[in-house]
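Order of writing sets the chain letters: A, B, C and D. Residues in each chain are counted from 1.
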Amino acid sequence: MTYLTLAATQGAFKTVTVSERTAQAFADGSWILALVYILAAVGALGALVTVVGLVLIYAERKIAAHFQCRLGPMRVGWHGILQTVADAIKLLLKEDVIPERADKAMHLLAPFLSMMATVMILGVLPYSPILQIVDLNIGVLYVTAISGFGVMGILLGGWSSNNKWSMVGAMRAGAQIISYEISATLALLVVVLFSGSMSLAEIVQSQDAGWWVWRAHGVGLVAFIIFVIAVTAEINRTPFDIPEGESELAAGFHTEYSGLRFSFFFLAEFINMFVVSAMAITLFLGGWMPFHIGTGGAFNGAMDLIPPVLWFFGKTSAVVFLIMWFRWTFPRLRVDQLMYLEWKVLLPIGFVNLFAAAVVVLYNLYPFPIIVP
Amino acid sequence: MNQLLASIAAYAPGLREWLLLTSVIFSIGLYGLLTRRNAVGILLAVELMLNSAALNFVIFNRFCMPARIDGSVMAIFVIAVAAAEVVVGMAIFVALYRYRGTVDVNRMDTMKDPVTSFEGPVAFNKEVLDNINKQYKSHHDH
Amino acid sequence: MGRVDFSDVKHETRAFAGVTVPVSVVPRFKRQTYPTRFLFSLKSLIDGMRLTFGYLVRPSKVVTRQYPENRATLKFPERYRASLKFKFDENGYQHCNGCGSCERACPNGSIILNTRKGEITGRNEIERYIWRMDSCVLCNACVEACAFGALEMSHEFENAVYDRRLLVYTLNRYAGPTANVLLKEENLEARAAMMTKLDTYGGPVPMNGHALPTVRALGSPRDEAKPDGKGAAS
Amino acid sequence: MIGPAIYTVMFWVVAASTVLFALAVVNTRKLLRAAIALMAALSTTAGFYVMLDAQFLAGVQVLVYVGGIVVLIVFAIMLTRSGELLEDHPTPERRVVGAAISIMFLILSAAAVWVSPFAEYSTGKTPPNDALSIGKALLDPGPGGYVAPFEVISLLLLAAMIGGIVIARKTPPPNQPFTSGGDLPGETDVYTPLSQRDPKRGGPVS
């Protein structure tokens, strides 16, 4: 008995998003309840942004340090656990400098655009069967589309700073993001093909009988690898961090930003890491589904005891760790190598993979026995 | 409360309001098309017009035959054509900028005269003109 | 790939323009096919990730030291260089005879030697050995240049000050001859007469002629050093 | 009752903001700001698509326009330095003529819209999953299907892509010096009069 059927028989499983609850409350005429739902959703998003940002920045520092035989922050709080908080306070109190010749309105707008794109994606992720703010039936498309706003934020920030390094960084970022978005989308389409839906909640539920990364034999694994590489490039992290390239461009598009606005860019970058990891696990690693081997058994029962939210965040942290691991292992690519990787390696493989996936889905070809039901 | 909501809902947009909206957007795009001189600016205005046209398709689909999907399909075609148009347009503008140093449409008068196009405005002295034309030919012959 | 396997290198002799010379012949690189290169690069990526993960899971490899807390147990490598010091023997006598090798060896003029003619010995001897830490790069050239083993690099590293002028040190404790010369004189009082004790030993010596509130200017008499810093050298 | 009210309020608010953004597109002097205003106008149009029960179309709109076209336009603005083309404020005559023509067009089309009898079936049921229906319609070879236009549009996009690359490529093909200012000798400095050019770099041999 799988998790879904088990949960369904016990009544625990019921995909009800917060927006559905709100609509129901409106229909029932209980305004207060609807208002509470809306406020709770907004508050939860804010809390999620804050907590994920703080945790990820601290984790990045600690993991980076240990990858390099260092200790990382150790002074503020136990093992430096309050270091990020201290840094956040510092950034908030810092003077907000706007360059004199900058395009002021655009300069102010850019970080908010960047942040907005990220937060808008957080709203559609299925954290658990009952913890999802809104489930769009075009969820995958929505996520791909909204990330375009992030590109605009970066381009705008680089342009409006009136600094040639910022602009070069911004144009590199723009070129890189829109190039790698193609590969990421091709990898997403494989899962859309297999699950037959673009709604994120339905994609998660379609993995009840096995995660797509191994249930779609080979094809899913290749798509997962392509997706991870492409999104690592899309969030501008090493080894694809030429838009920021400290040794060449100072800090790339956010060279001229300081204080609160810099922290917006910074936070957006880290939340983006969370978002793409969450997308990767939602599409390929079963989202909030627990890990099962075979059907029934004590092992599966034990796995079912762990709440879905923990599964979601645990898997997400694993992918986040993978991306951090990339960062502290690989050297930065040159611009031409970056474009080579996308257009001559990832894109052909992605197309072939998508074609193979289409064939597999169309003719129901599963060359290997299904190990995980 | 319900009365208030009902009075608000009385202003719900019908087909005519929607179409009026797209007309307004289209007219604004037309204004930009006529007044802008920067080629990129003109393209922005054209995008606006294309967009309102695509919206029109969807509006008609929604109000006149809601069970079908043809309007949406046409809108997708419009979006695809717009994308193709922008790609080629931007490539032309970038190439033109490299060659001419400007994307002002008023100065794209290459077809008028090879000399003015190549050098910008020059004094129309017969001697100078012949000289430049000669050099021009000698340069491009070999 | 492009790596040379040294077992493949052949050592031959070849004639070039009538001259026979020994040459090492490296075999031509084989051009790798696309899948080979792909798999090789994949393997190298995985190797790198394995290496970094190894560091992550082995905390014993951590090299960071928690400095102010571990001050008592702080250990330095043998050849760690933090500041220049004179070597003194068990009597407190120095080995510097003021030959100036270190001064000449210093790449940026951080060593200034004042020598004098010894009144009793009649030989050249050190009067004041000034070392400017503010310009020193701790290159160790002076220590290597010294033929008498008078200098060494010590591990005293906490040298931060608020005023750059406080980074000028006098290294010798006394103005006078070397330990060898002193030890030949048996009489302790006669020995003492050869030496002039320095009051600003080890401390800063303003090089620009101005005194600091607590530092006497170079060359000014001792009683002119006033706490108000007005006792500048005339 | 709350649904229609919210719908109505949203429509008018979004419509007003769209018109404002559209006006910004055509009136802003700095071209980059115009592009940003265009992005906003296109995003609000995506909102209209959602209101018209075309969620898939809204997603495509944001994906293609914001993620692709506006980024491309911003790139072009940065590459051509059109943002610095400050003579792009039209003369008053131009403004008046443009406004007159566009207002005339607006009156004409509004009148046409207002007097036309439209067959309205607003009670009809819209397809719940428009992505599915659009996909089926695009790949339907039968009557009412769009498979031929779909293929044609794919070819068009391919041709546009190749054409864009060819036109914007820096090194022009030989014998076509006018395609671009490339890096062949004598093509980089097209502003230098021919008579002043260095013969070694492709200038006239005197």
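We adopt the following convention: a contact is a pair of C-beta atoms (placed from the backbone, for glycine too) under 8 Å apart; a residue touches a chain by one contact, two chains touch by 3 or more.
All values reported here derive from a predicted model rather than from experimental measurement.
Interface comparison, B-D against A-D: more C-beta pairs in contact at B-D. Subunit A and subunit B have CA centres that are 36 Å apart.
One simple way to say how far apart two chains are is to compare their mean CA positions; for subunit B and subunit D this gives 7 Å.
Between the Cα centres of subunit A and subunit D there is a gap of 29 Å. Per-chain Cα centroids separate subunit B from subunit C by 70 Å.
Across the assembly, subunit B contributes no residue that touches 2 or more other chains. For subunit C, the set of residues that touch two or more other chains is empty. Annotation for subunit D: residues 2, 56, 60, 68, 75 touch two or more other chains. The touch graph of these protein chains is an open line.
Chains touching one another, given as pairs, are A-C, A-D, B-D.
The part of subunit B that touches subunit D in the complex is made up of residues 2, 4-6, 8-9, 11-21, 23-32, 34-41, 43-45, 47-48, 51, 55, 58-59, 61-67, 69-70, 72-73, 75-77, 79-88, 90-95, 97-104, 118-119, 131-132, 135-136, 138-140. Those residues of subunit A whose C-beta lies close enough to touch subunit D in the complex are 26, 103, 105-106, 109, 136-138, 141-142, 144-149, 151-152, 155-156, 159-160, 167, 171, 174-175, 178, 181, 198. Within the complex formed with subunit B, the residues of subunit D that make contact are 1-2, 4-5, 7-9, 11-12, 15, 18-19, 22-23, 25-27, 31, 34-35, 38, 41-42, 45, 48-49, 52-54, 56-57, 60-61, 64-65, 68-69, 72-73, 75-77, 79-82, 85, 87-88, 90, 94-95, 97-99, 101-103, 105-106, 109-110, 113-114, 118-122, 124-127, 130, 133-134, 137-138, 144, 146, 149, 153, 156-157, 159-161, 163-168, 170, 177-182, 186, 190-191, 193-195, 202-205. Residues of subunit C that touch subunit A in their complex: 45, 48-49, 51-53, 55-56, 59, 61-64, 66.
By the touch criterion stated above, subunit D contacts subunit A in their complex at residues 2-3, 30, 32-33, 36, 39, 55-56, 58-60, 62-63, 66-68, 70-71, 74-75, 78, 83, 129, 131.
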